[in-house]
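Both complexes below contain subunit A, partnered by subunit B and then by subunit C.
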Partner chain A sequence: MKNNRFVERSITGALSFFKDAIFADEEALKKGFLQARDARLKMLMVFVLILAALFSKSIVFIAGIYAFCVILALASSINIIFFLKRTWFFIPLFSLCIALPALFDIFSPGEKFLSFKVFFVPLSITKQGLSSAGIFFARVLTSVSLCVLLSVTTRHYVLLKALRVFRAPQVFVMTLGMCCRYVYLFIEIIQNTYMAIKSRAGGVFGIKNSQGVVAWNIAALWQRSYVMHNRVYEAMLSRGYSGEPKVIEEFDFTYKDWFWLGTAILILGLSLWQNHYLN
Partner chain B sequence: MAKPLFELKDVYFSYMGKFPALCGVNLTIEEGAKVCVIGANGTGKSTILNMLDGLIFAGSGSMKAFDRNITSGVMSEPGFSRVFRKSVGFVFQNPDAQLFCPSVKEDIMFGPLQLGVQLDKIKKGVDIIANRLKINNLLNRQPHQLSIGEKKKVSIACVMAVEPDVFLLDEPTAGLDPATTRDIIDILLEENMAGKTIVTATHDMHIVGEISDIAHVLGRNKKIIRSAVPDEILLDCEFLKDNNLVHVHRHMHDGRIHAHPHLHTEHH
Partner chain C sequence: MHIPDGYLGPVTCGVTYAVMLPVWGLASKIVKKTLNAKQVPLLAIAAAFSFVIMMFNVPIPGGTTGHAVGAVLAGILLGPWAGCIAISVALAVQALLFGDGGITALGANCFNMAFVEVFAGYYIYRIISGSSAITSGRRVVAAGIAGYAGLNIAALTAAIMFGIQPLLHKTAQGQSLYCPYGLNVAIPVMLGEHMLVFGFVEAVVTVLVVKYLQKQDPDLLKIKKEVAA
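And now, the complex of A and B:
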């Protein structure tokens, strides 16, 4: 029944990752530096820092921004192991794989840094290749880390509301919020359905049957979400919704928030100035 | 005699045109009344409440509310629709359908915001309601983090925030523990004392006597087969058995199994 476990583990693993990644509030509820910042200005600050990392052509400068990000995580009482696990897995590792070919003289001709042979084929890593792959990887790592830092230090619904700072339409933000709300509900339904199947069938399914159950689950979930969509719309109508949502926007920022946004803008300015200076 | 708020005359309704849900319902609900609509599963209780809330409309027959014939056209009139939504609050059976905002506070504020109530007034109202329902600690929580009882209370809070004249409640105590059930009944009774009309659809016979002055029973033929004071209905054991509203209770007495219908007229 190894195959069956594979399907089951894939589904439960994906669901619990999704739940933890989006809905876990433990870190956002801690009393820390970033948790105390206004969500809108924090989002702007992160956006500006990402721009600084993307515009910079110096790996040292990007590493500096990454170090700043790690310091912010520490100041926000984020468990550093959790933070590094979350940021170093998947995207940065994938981007490293993507950047790997750029190291070699086949794709990045230039000054040789290291030469070796693979199955009698001579290969060289060039300084130019090393530099461009390193910068690419550093930019991805820094950007991902800043995004993760923003998401773990802000409750997800506050984060969605903060999107209004980028002039996202009210109806878009509201719909996104409702999506998150119901995604969670449907995740729970899927998990409960699997528990129910397990309690009745005892997990004795072959791979084909498991795939059948998954397909059936998708269809059932589709139907449930359709019914729920109608009920939610009726509940909105019942409370006076008439097509134009009105939602409260409560944020409160202090001079500290502006100070840190100013710092981020200064770093972006430094990045642009450095580019100009290096050229 | 109090003014009739809702009048359903020979109302028929079917879902998708092929699944009949109401077949010739006649019902009048007066201002300030406490009314229960009782019936077994699938007899049309929720359909009646949906209709009273102007969410679905009679296929044939007519429904009047606030002296207007309620049709989809009338409910599309912005002026009347706003007055209607301000006057009638509906607590849905499934709180997950009702609580669609990312936080409890936003959910409670949603109704008054749509109806154009001033922000200061809304904020004050939220505090008062939260105190009354003892849900202050839940305001910044997300609805998915709440227990079923908490969700029900928050659903009621969402409706109370609109300050409606009529409360429609679909199975308000289903699946709740006794203490939460008690809290919810007390809230509804207080609202009724304040002059609000309470219409409850339920098959929880424990609460019928308390939350209604008159009970309307929906039968399997999907029409109202009896309307009377709750005690009269609750004591009619044969009638209740015929309509799946009472169960035979078996327990041991002096080593012998003893069976009798479980009645709900006396509290013990």
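And now, the complex of A and C:
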């Protein structure tokens, strides 16, 4: 059964994707602090905070931005366990693994903090290494958390429409919105296809057959996609599409939205000022 | 190969966005000219297709799995400019909605996967396949080499981005601020894993899909001629 685990992994991946997407939409519909903010200004606010973390050279300052992010999540009635699981697992933990060798004097020569021997090989953790790894991990964690916070407090289609604030061409915004919907549809197709294969073949495949099944799925998906685009175009025409996409603007901002965007800009300013001061 | 936020410094993020903005602008112009209104939904569908390809785990001898990017395949099926838009849109959806790949690193990710990989793979495929018939075995070989080489070239550009961080951003005390490894570590590690594992996954997926389409619906492999510049 070991060889067919790719089927299970792909289905598990698709299912968790669905679960996350549905859960994120549920969170976005809750009455909370960030859910009440205008999507365009909220996106700008998060982007400015990510920039503040990116520019900062101080681990304490980045930790402060992370704390602010967690407070925002709590104020937005986000399930904190879900939020921490989503933000700590994979990218930050993977980054932590990447950062670990940087602790040692092989990669980060400098002032020794701790020396020991592993199988008679002398190793030292340096202060520079600790600092580099710490700031790297803190920055990745904070950025990922801010990004997840934005996506779980904003409905996906609203978030994509809000991209207009960055003057993204309409064709991009329309393509993004449509792409998002097709992703859900395609994942459903893949799930059903895998289920059908498994029910007929009994779930045992060799590596070569497994690769063939994957390629067959991808190619068949492309065939279906190509057939589908004709039908989609006809559906668009029946709804009044005339060759130029139009994005309906439904946004409304209040002084509170501007206040929080101002706060984020202030944090970015502090980050830049602190860099200047540290230099 | 998806670079998250925090790995690259502001200079690299800014420069890659500055490079990608005219590429996206040019791609939009060319695609608008070459793609008729009827094919507009194809772009969105192709972007979703690219997104979904990245979810397919392909088994590798030894019991592990890896996933393809599908950028070379997008280039072959859609042409390089439409492929560039499709992969960029897929990467933007991943970064914005699922936190996979960063917002500040989106320019860098699009440069590596939507520009370098798509164009390198597409032109390698075209050069090797030459004027051979759509159903010829030469095209299958071309697709495999293009998939393998395209991904590895993209991995090299990503490795260079990682490796220059300690040169660009370091404090007076010698502390790295972003990706802590120099070119001497980043290039061998990134190229090693892509040349030994992920390059083959990309090649296998590209080859098998091209082979399947040659048998089932060879017309789909001609689409690139209509939408490529």
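The rule is simple: the second predicted complex is superposed on the first by the 233 of 279 C-alpha atoms of A that agree within 3 Å, B and C clash if a C-alpha of one lies under 4 Å from a C-alpha of the other, contacts with A are read in each partner's own complex, and residues count from 1 in each chain.
By our rule, a contact is a pair of C-beta atoms (placed from the backbone, for glycine too) under 8 Å apart; a residue touches a chain by one contact, two chains touch by 3 or more.
For clarity, every value in this text was computed on a predicted model and none was experimentally measured.
Q: Can A:240 be said to touch subunit B (first), subunit C (second), both, or neither?
A: A:240: touches subunit B, not subunit C.
Q: Once the structures are superposed on A, label A:157 by its partner contacts, choosing first (subunit B), second (subunit C), both or neither.
A: In the superposition, A:157 contacts subunit B only.
Q: Just to be sure I read the superposition right, which of the two partners does A:52 touch: subunit B = first, subunit C = second, or both, or neither?
A: neither
Q: For A:65, decide between first (touching subunit B), second (touching subunit C), both and neither.
A: neither
Q: Check the contacts made with subunit A and report whether subunit B or subunit C touches more of its residues.
A: C
Q: Examine A:39 and indicate which partner it touches, taking first as subunit B and second as subunit C; both and neither are also allowed.
A: The answer is neither, since A:39 touches no partner chain.
Q: Now for A:125: first (subunit B), second (subunit C), both, or neither, which partner does it touch?
A: Neither partner.
Q: Where does A:180 make contact in the superposed view: on subunit B (first), on subunit C (second), on both, or on neither?
A: After superposition on chain A, A:180 lies in contact with both partners, subunit B and subunit C.
Q: Once chain A of both complexes is superposed, is A:28 in touch with subunit B (first), subunit C (second), both, or neither?
A: After superposing on A, A:28 lies clear of both subunit B and subunit C.
Q: Overlap of the subunit B and subunit C footprints on subunit A, residue-wise?
A: Comparing the two interfaces on subunit A, one with subunit B and one with subunit C, the shared residues are 156, 160, 177-178, 180-182, 185, 228, 232, 236, 245.
Q: Within their complex, state which residues of subunit C touch subunit A.
A: Those in contact with subunit A are residues 4-7, 9-10, 13, 24, 28, 32, 37-49, 51-53, 55-61, 63, 65, 70, 73, 77, 85, 89-90, 92-93, 95-100, 102-104, 171, 173-181, 185, 204-205, 207-209, 211-213, 216-217, 220, 223.
Q: Please output the residues of subunit A touching subunit C within their complex, sorted ascending.
A: That would be residues 2-3, 5-6, 9-10, 13-14, 17, 20-21, 24, 47, 50-51, 53-55, 57, 86-87, 91, 95, 99, 101-102, 107-110, 127-128, 131-133, 135-136, 139-140, 142-144, 147-148, 150-151, 156, 159-160, 169, 171-172, 174-183, 185-187, 190, 207, 210-212, 214-223, 225-226, 228-230, 232-233, 236, 243, 245, 278 of subunit A.
Q: Can you list the residues on subunit A that touch subunit B in the complex?
A: Its residues touching subunit B are 23, 25, 155-157, 160-161, 177-178, 180-182, 184-185, 188, 228, 231-232, 234-242, 245-248.
Q: Using the touch definition up top, name the residues of subunit B that touch subunit A in the complex.
A: 50, 53, 55, 78, 81-82, 85-86, 88-90, 92, 94, 96-103, 106, 109-111, 113-116, 119, 122, 142-144, 158-159, 162
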